[in-house]
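In what follows, structures are represented as structure tokens.
Both complexes below contain chain A, partnered by chain B and then by chain C.
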Partner chain A sequence: MEVLKLAAPETVLVVIALAVLAVDLLALRGQPVSMRFGIGAAVAGLGCAATMLMLLGRHAHANLFDGMLVVDPLTNVVKAAIVLLTLFTVLISTAGKFTEHVGEYLALILLATVGMMFLVSAEDLLMIFISLELLSLSLYVLTAFNKRNIKSAEAALKYFLFGGMAAAFTLFGLSLLYGMSGSTNLHRIAEGLAGKGMDPLLIVAVVTTLIGFGFKVAAVPFHLWAPDAYEGAPTPSAAFIATGSKVASFFILAKIMMIGFAGAEGSAAWRTFISGWMPAMALLAALSMVLGNLTAIAQTSLKRLLAYSAIAHGGYMLLAVMANNEAGMAGLLYYVITYGLATLGAFGVVQVVEDATGNDSIISFTGLSRRAPALSLCLLVFLLSLGGIPPLAGFFGKFFVFSAAVGADGNHLGLLWLVILAIAMSAVSFYYYLRVLKAAYVADGADVTQATNMMAVPVATLAALVLLAFLVVILGCAPALLMGLLQAGDQVGH
Partner chain B sequence: MNVGLEHYLVVSAVLFALGLLGVVTRRNILVIYMSLELMLNAANLALVAFSRFNNNLDGQVMVFFIITVAAAEVAVGLALIVALYRRRQTTHVEDLNLLKH
Partner chain C sequence: MENAQAYLFYVFAALAVICAIMVVANPFSRSPVTSAMFLVLTMGCLAGLFTLLHAFFLAAVQILVYAGAVMVLFLFVIMLLDLKEEQRRQVKSLSLVAGLVSVGAILAIFVRSLIATKPGEGALANVEGSTSKLGKLLFTQYLLPFEIVSVLLLVAMVGVVLLSKKDLK
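Coming up: the complex of A and B.
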């Protein structure tokens, strides 16, 4: 019974997922798609809102079955953020014309969310694996959902093949970890590994686990699936893969590295590399930042551009994991949540423009400020936040992450070289974000004539986007709102 | 001859490497799936061996879950292949070339 009480938010979401599926299949058959989407999204949205209230309203500390389900304030905040991102994903998909299978689509989104929530609560290898698979399998199907688009199935297959390989790598690493420590609980693993030094088996375990999660968070050189999956997937699915799933994956990656591999850090300080997970992760972070940003410059499709920008942001977030302390964890979560809000918003704008013009190339955004002023203002907020302009949330995310990496205890400015690289690369990122905004705001004379008619923006989508933009501005003006929650949770959690 | 833990681990590593080789070099998606399964089973073998030599059943419990999840994964994967085949009449990775920069 205690399980049901502690897993109540997850249980509610599962019930809502089944309810959405049942209502759509039994009662709404034969109705127009927009109405089915409206009713389904209303049910799913109410479920998400209820789940968030339950999560934020409880203060329990519990650890069930030896780390299988850990409930504490920090995991509650992270889960609430994930459910919020899900809620917005549901809202921006309501105007979608990509599928008639509304019930299945919404149910899969909710089930993926349940996977993320269990992932966030897991401190045991078995639960980590199962919830990761629940999440991934739902995402593969969501990617393939647009059966009319010839690219969708291809994108899903590529995502599936890379994802399956990632799962195999992760699993192999985890099996070695279990073998060396004799336990599947992260804390017990760290105890079992303590004092053994870097024996070859541990190095293999570190490398394979990192490769597996590198695929999951799309770090270079394991990023190849991401641009293809984002481009081919229906836009709301791509938004979901880029945001909610990122939050959960980075949280669990940080947990495995900070708790499970505690003692096997090594060092990534400049010229004093010591083998461990730090130098390997430093390599992934540096490559992601450089390649992600430089490749994004050359993109013409906005979805691919956002994919490469996601890879670059993944690099910055790895930096926060490497800070390896509470400040790093809080900074990471602040960064990934605000990044999620801004990216979800940008994808929402892409979806509206894609529906109106037929494609997502940057040229389609020409003159957006005249065709849809509110929409382009939202886009401005999201992209500037992703670029890291001061009054917006993205700036404080970068600030927290970089200061945590510089000030990490015992490193004595060892990670400074990576922070400098990160700052230089985020300057590069302005270029491609501004290129999109230039198309939207400073249209060339020739294009103005064909771009003067107003664009129809669905009301629910516009409301969701304005709300997202509002959140990005609020979290930028008062970062303590979220940071306070994260830090409080973090301190109690340790 | 006495079979020890290291023998199991070597077999498991070889299986994993063979699976990886298959995933990287094969061109038919179905064969790639089989190679993926081989990689998962390499992890299973390692888990069972560790479980036996650690005198602890956690590893074996995990293997049951992994087998179940792998079955679900194959179901999803085959569904994706069917979806692809309906649109494109192919199961070869070289034909997955619509998505490029």
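Coming up: the complex of A and C.
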């Protein structure tokens, strides 16, 4: 019964998901969609809040079934962050008009969260794969939710096919790892691989595993699904794919690389490349940063722009994984959590504007500062944070990641070339973020006519967005609030 | 006895590879039904390999679920969709070269590791294949993945019902 005690937060979420489904299907038939969304979101939100309290209130250290469920302060903080992102996703979807299947929608979001939480707790290949599949399968369905829009179905099919291929690659890599080390536990895999050097088979395992996870975190050149999926999916689903699932995937990718492939790092230092996972990941990171940022400039749809910006941010985060130490891990988590908050907020704003104007092109944001002042102020905070302007959270995320990459022991400034590239590319990213803000704040004369009437902003969404913006500002002004938790957890964990 | 097992292994392995090739590149027939039937044969050979590894439960499940239930569904779908003979697709020479190079590289690495390894060497996995032992494992050490798979199936079920249902408006 220790399982039930340690997996209590996950269990609670599963029960809440079933409850949401049951309440919606049994008691609320025939009610208007907005009311069903309100009641469902209230139940789901209360469940998320309870789960967060449970996660942050416990101090247990446990390792169940040989790494299948690892509970320590660090995983608790990461899980709490994921549940927080889920809570906000639920809040911004309450005003949605994209589906009548409210119960199923909320239940799938909660079940995907359960997948993420198990993923975060896993140090065993079997658990990693199963929870990854639980997460992916829920996300495919969430992408296809808008049945009135053919683009949603197209996006889901693309995401599903790419994701299926990626799962096959991951499985191939993981089975090679198992074959070489005789264990599915990450720590034991590292022991089994130690002293064997860079076996060619190990290289195949590294590359296929990286390909699989590269799809999951949308790193170039495995990013092709992301813009279409973000554009076609209902906006809250896209926000969920871009935030919560990123947190979980990056955490587990870092864990696999840092623990499982310990000893097979190689080196990505300039002019002294040694084969291992570092140079392969350096390639992914560099390509993602360059291609993501440059392609984002050309986008006219804000959702596609956010997709390419997500790809670019994925490149920076890979840099943190390559730091390969505790500072890198803490920096990565700080970055991905604050990025998640800002991106979720940006998608929330897109959702409101999309509902009001019918599309998400940057032109529809013209004069937003006059039509919805509070909304555009939130957008300002989110985009500037994504761009990395101090004193917002995004700046400190970049600061922690870059300093971890530069200061990583044993690299002797070897990753400096990537850090310089990253800084240059984040300068490029200002351009496209500011382009959106220019449309919102500095309207051209020709568009002023349509920009006079006020825009109706749903109360729950506005509250969620203001809260998100507040969090982004607070974490920027006092980064130690989150960083302290992450570092404390990380030190105890090791 | 040892020898007989080794011969059986080679027979099953060779048959599995040949049948698998026939699934995707059958020179005599391009009908999807033929491909599906060859897939059944491949599954059967794999079940034979599992038996040789003493994974009897897995072998039985392979026959019952994959060769039986899944392939029957496959055939139903093919018949319901009334698929015609597959058109031969034009393969771009660039993707052909890229595919051949990567497959060749991986094959070379496999052959190299195979030659480098002596029999009996390498990591040994202690896996039990009999039904009762498997059942015990599933409800002790692998309890958590087992339960998560049930959630996974729930998600799949909800998803399928949702996507296949016609909206009434």
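Operating definition for what follows: the second predicted complex is superposed on the first by the 494 of 494 C-alpha atoms of A that agree within 3 Å, B and C clash if a C-alpha of one lies under 4 Å from a C-alpha of the other, contacts with A are read in each partner's own complex, and residues count from 1 in each chain.
Operating definition for what follows: contacts are C-beta pairs under 8 Å (C-beta built on N, C-alpha and C of every residue); 3 or more make two chains touch, one makes a residue touch a chain.
Please read all numbers here as calculations on a predicted model, not as lab measurements.
*Asks:* May I ask you to decide whether A:M198 touches chain B, chain C, both, or neither, giving the answer as first, second, both or neither?
*Replies:* After superposing on A, A:M198 lies clear of both chain B and chain C.
*Asks:* Once chain A of both complexes is superposed, is A:E104 in touch with chain B (first), chain C (second), both, or neither?
*Replies:* The answer is second: A:E104 touches chain C but not chain B.
*Asks:* Please indicate which partner A:V12 is in contact with in the superposed arrangement: first for chain B, second for chain C, both, or neither.
*Replies:* neither
*Asks:* In the superposed arrangement, which partner chain does A:V114 touch: chain B (first), chain C (second), both, or neither?
*Replies:* In the superposition, A:V114 touches chain C alone.
*Asks:* Thinking of the overlay built on chain A, is A:R304 touched by chain B (first), by chain C (second), by both, or by neither?
*Replies:* first
*Asks:* Where does A:V466 make contact in the superposed view: on chain B (first), on chain C (second), on both, or on neither?
*Replies:* neither
*Asks:* By the touch definition at the top of the document, which applies to A:F65: first (chain B), second (chain C), both, or neither?
*Replies:* A:F65: touches chain C, not chain B.
*Asks:* For A:L377, select first, second, both or neither according to whether it touches chain B, chain C, the two together, or no partner.
*Replies:* neither
*Asks:* Have a look at where A:Y140 lands relative to chain B and chain C in the superposition and call it first, second, both or neither.
*Replies:* The answer is both, since A:Y140 touches chain B and chain C.
*Asks:* Just to be sure I follow: which residues of chain A are touched by chain B in one complex and then by chain C in the other one?
*Replies:* 126, 130, 133, 137, 140-141, 144, 147, 178-179, 182-183
*Asks:* Where on chain C does chain A make contact in their complex?
*Replies:* 106, 109-110, 112-113, 122-125, 141-145, 148-149, 151-152, 154-156, 158-159, 162-163, 167, 169
*Asks:* For a test of understanding, state which residues of chain A touch chain B in their complex under the given definition.
*Replies:* Interface residues on chain A, with respect to chain B: 125-126, 129-130, 133, 137, 140-141, 144, 147, 150-151, 153-158, 160-161, 164-165, 167-169, 171-172, 174-176, 178-179, 182-184, 227-228, 231-232, 298-299, 304.
*Asks:* Could you list, by residue number, the parts of chain B that touch chain A in their complex?
*Replies:* Counting only chain B, the residues touching chain A are 9, 16, 19-20, 23, 29, 32-33, 36, 39-40, 42-44, 46-47, 49-50, 53-54, 56, 58-59, 61-62, 65-66, 69, 72-73, 76-77, 79-81, 83-84, 87-88, 96, 98-99, 101.
*Asks:* Over in the complex, which chain A residues touch chain C? Could you list them?
*Replies:* 3, 7, 14, 21, 64-66, 68-69, 100-101, 104, 107-108, 111-112, 114-115, 118, 126-127, 130-131, 133-134, 137-138, 140-141, 144-145, 147-148, 178-183, 192, 199-201, 203-204
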